[in-house]
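Next come two complexes, and both contain chain A; in the first it sits with chain B, in the second with chain C.
Here is the complex of A and B:
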């Protein structure tokens, strides 16, 4: 009798602390390798430091320097452009493809989905290298095709500021569309068929059904995908780093590249940290607004 | 919405002859297939181009217009790459780090996902929010201070720095929580407790086996994240003998002009294992990744 009581007590005690133990590895690593660095980054951003000796406290000087730094302005502008493109173009395109794949009686659905999803497997650096070869101005595949079809193949894809930006977003589109499509397709397939049938009985056409049945039902997926894209694209690094080295000039420079250059090529650690803090504020605030607005991650 | 549903259920006509969504008319279907095939080409052609380029010698790569397939296909790029670069060492480094990271990630994410899914505890919502929001911390923010921290603590050893900080990613925990909530019945857990299992034992012997589909997805996701990562290794790994594949390719590409010939051969060799894993586990990966997001 007493042992049974003791055993029950042991179990209920265990029950109480077990979940904390189970989630503790995350919080341990989070505190050590994220919170501490974020805090250290904020402190570092108020200093001038090349990595040796003691950091020099200089107040907000790094931030006022960032304000006047045309490179940082370019990096912010370009990153905003990439992110906006990801949300405003990649997202709708992925949804459109998912709707196509969801068509009734479609054969080879899994095959198509798999093919579009493939870039997820490839290292971004490999994608950047392959497209470097395709978009090359002198001996690229794309110019060769354009030459053969239309008789002009002299587009300087990677050395013209406007085209270079286009190439970076084309890579974003290529790399992420299939990934987002699988989320939208899963969302579409989870919509109960009765909803569509009911709307159809009520006389709603295809377009009307899409806007009043499909889109509202897809809200959780859309929210999840939008926040994922926001965070991923805001950190874009490999594509401009390898394809264009941020150039021509600073036409494709991203914030991640800016931080990398300031911190690890010029050893301006305080300055790089300040740029990181600015980015953190922007992305985190936008991300929080996004998650709050859509209620991502909550179970009902 | 619910009112329309009720009308359908109440309607005798619906019960007798259920409405079926009609298949699209023929021309529309042809257009759909044409569009899907065209899109598939957009994905396949660049990969084939990489493959074809990897068999071209340098003069063929830098020829215009380029040949779709080299007249004299050669394995020269592969032999040169393997003879002049420690490519297998890069592969070994990438693979060891990715495998160790993946094993640890699967363990910690399943455990934490279980903790969030199957227990009520004080502070749960707040802790979950903190965990979930941490996904929105961009890496660029922490890269400089993290580098300094790791270097100061003397932990810049690649086997530590490329693995330990990343073995409990929030996305993985979120995914496993969603899956655990949906597919592990409370009864089975209670039964294990009545049998005298400790909570951890119940997790290992009863819960974990039920998570297999999601574990497959998480494992692939985690493996690819580690295997394909460039920025952090670029920052932390100084010695060429510890280069991973992305680092090696990056260094090779930047070294002398643009060595597309060698780099393409390396890219093909590096992509093949990842593609194989992907093809083997494709169903699990797709289902596991999307399970959480659909329910929200």
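Here is the complex of A and C:
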């Protein structure tokens, strides 16, 4: 083989490997920070481990324990409630606010945008403190207002299981509506005005235009927002943790809190990992269902 | 030298690889391990959640009255960490063989986490040889013991007494020496009906606060959550009696149900003079009363807790933070020496009181003149150690077990329902214990 042929082959090899070398950083990072921890988590879920020493391999015992754990069942039920609420209430409310903000001739538009977006940038601990003051059963602002207006104000917002769940979802609504509104607003502003004008010329009213023009045109944004909200709410942690710590009893415990409690309050890391794996599977399946149902990624 | 784009990328790549590789190799070393240091400079790393302990240890390290004669010259490097994160980080650092502190402050409700799987034994120095010679003189070693070995020393005895508004008691005609809870509840019901004021509070917020309030009264009544061997003992006549008393108090208005005994609701109740008495540990005077109602200085007093008619104690305990020494480090002996000097000597206990009002854990010190002569301006110049001494002498023993966190979560809901009158005391206890046993047996 001549030197020229060898040099050509080397160049050819370099060209063949170059693309892989260029994209390798992503895969290296992905493997290091995603695949390895996920694999370790799955292995850990098959062990009994308190954090120190060698994990004891116990097979699927953690999973069978989860099946019979009433606390995990409660956490699943609560999380399902939060998720359902987020999709059924937060999403439509965000869309309606966005439509309102997109209205022609609206004054103080930027002010309203700022107000609706503000909860997103506030520290969760401050939000929890403020909500605690508003919803306190004995000295809360809301009860005081109810008392002044209607003569009753003895609702145990944070200490009654049902009301505590309601307060958590109110917090979810308050915190995330503005954030989602921004996405919808961006989508609304991308809809050509001509479509609305044409529909108006054809005699369509406000409601008809909303359903026949706005909603179909917003479908990609709605799909993205719905799936993101679905996946995020299925992993809800901060809101119940800061507001009620999962209480009263386990009335507001979410699956993420269950994982945290098992791992970092009870030192049952294997059990926490098993709950984490189950949560991952549920979120993944929900995400896939949502993606298919809303047609995320499909061309219009 | 001419540097083309390809060469530049190679240089940058090699430099990056060098940095990452060097960091990775450095991470594989095990700092902290080494030959024990037996004298000389000892800069000790201390992890704590409470600035008060940071201040105390920092000054204690150079206080000749405390460290004079030691082989080490101490210094303290403080890291502030949240209570739950201290245990988590100790474990993760140990697993990763990364640097550990020499001293770590463990909040009492976090200690059960290290009672599992020999974690305490593997992480901490066994301090039994320091505590054993002190015998019954030293209080509150039990909550930090595993298999009879003491792994941490309590900083504050956390003696529970009754704080009350002397001015309002006098105005309302409430005797300040009511003998029993039953009598006080009867008086309290009348006061609540007349003025809406309460002579006690019950937590109805998170599980921790609910169960803590219950345990404080249960210990006073002579009951307990666990015995010395870690067996569950919460199902008892004493527990039923305490729960029924709490429920009766809330029902009649004698007890105020508050979501957070340390938060905004309690502050409002104190400011509005709606809460005119409460049973709380000594530290509540600083963190609860003085912090929320400084304007009520001089109006509050402390007394021992009214007994239950059925028996029990005149004192109780709630909360606490103990310090542990991390084992197998070059400065482990130095840290143990400082902890012994600061925590097990009269000078150390007096210095702790003056630094942050932390009560002595050596029970006989309550009678010593240096403590007895202390008067408390916030409590109207009261000689508080007359009260604390009586309560400490009769302080119940508090035992913990590895499943304490599970028990707290299991009991919280049922206790709340019992307090609210939705279920009976016996049913609440049975429900809670059933939930607990289902989880702990597995």
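The rule we apply is simple: the second predicted complex is superposed on the first by the 262 of 300 C-alpha atoms of A that agree within 3 Å, B and C clash if a C-alpha of one lies under 4 Å from a C-alpha of the other, contacts with A are read in each partner's own complex, and residues count from 1 in each chain.
Everything that follows uses one rule, which is that a residue touches a chain if its C-beta (ideal position, glycine included) is under 8 Å from a C-beta of that chain, and two chains touch if they have at least 3 such contacts.
Because the structure is a prediction, the values reported are computed rather than measured.
Superposition of the two structures on chain A leads chain B and chain C into a clash.
After overlaying the two complexes on the shared chain, residue contacts for A:133 are found with chain B and with chain C alike. Contacts of A:201 after superposition on the shared chain: chain B is touched, whereas chain C is not.
Of the two partner chains, chain C is the only one that A:250 touches; chain B does not reach it. Contact with chain B, but none with chain C, is seen for A:115 once the two complexes are overlaid on the shared chain. When the two complexes are overlaid on their common chain A, residue A:88 makes contact with neither chain B nor chain C.
Contact comparison for chain A: of chain B and chain C, B touches the greater number of residues. With both structures placed on the common chain, the touch criterion links A:31 to neither chain B nor chain C. When the two structures are aligned on the shared chain, A:227 is found in touch with chain B, with no touch to chain C. In the superposed pair of complexes, A:158 makes contact with chain C only, with no contact to chain B.
Of the two partner chains placed by superposition, chain B and chain C are both touched by A:51. Taking the listed stretches 20-28, 74-82 or 146-154 of chain C in turn, the superposition on chain A shows a clash with chain B for 74-82 alone. Common to the chain B and chain C contact sets on chain A are residues 51, 129, 132-133, 138-139, 264. If you check the complex, the residues on chain A that touch chain B are 7, 11, 14-16, 18-23, 25-27, 29-30, 32-34, 36-38, 40-41, 44, 51, 97, 100-101, 103-106, 108, 112-126, 129-134, 138-141, 143-144, 147-148, 153, 174, 178, 182-183, 185-187, 190, 193-202, 213, 219-221, 223-225, 227, 230-231, 234-235, 237-238, 242, 255-256, 259-260, 263-264, 269, 272-273, 275-277, 279-280, 283-284, 287-288, 291, 295-300. Across the complex, chain B meets chain A through its residues 1, 4-5, 7-8, 11, 14, 18-19, 21, 23-24, 29, 32, 35-36, 39-40, 42-44, 46-47, 49-50, 53, 61-66, 108, 111-112, 114-116, 119, 121, 124, 127-149, 164-165, 167-168, 170, 173-174, 181, 193, 196, 198-200, 203, 224, 227-228, 230-231, 234-235, 245-246, 249-250, 253, 258, 260, 263-264, 267, 270-271, 274-275, 277-279, 282, 286-287, 289-296.
Across the complex, chain C meets chain A through its residues 84, 88, 91-92, 94-95, 113-114, 116-119, 122-123, 204-208, 210, 256-260, 263-265, 268-269, 405-406, 409, 412-414, 416-417, 435, 438-439, 442. Interface residues of chain A, counted against chain C in their complex, comprise 49-53, 65, 68-71, 129, 132-133, 136-139, 156, 158-159, 161, 244-251, 261, 264-267.
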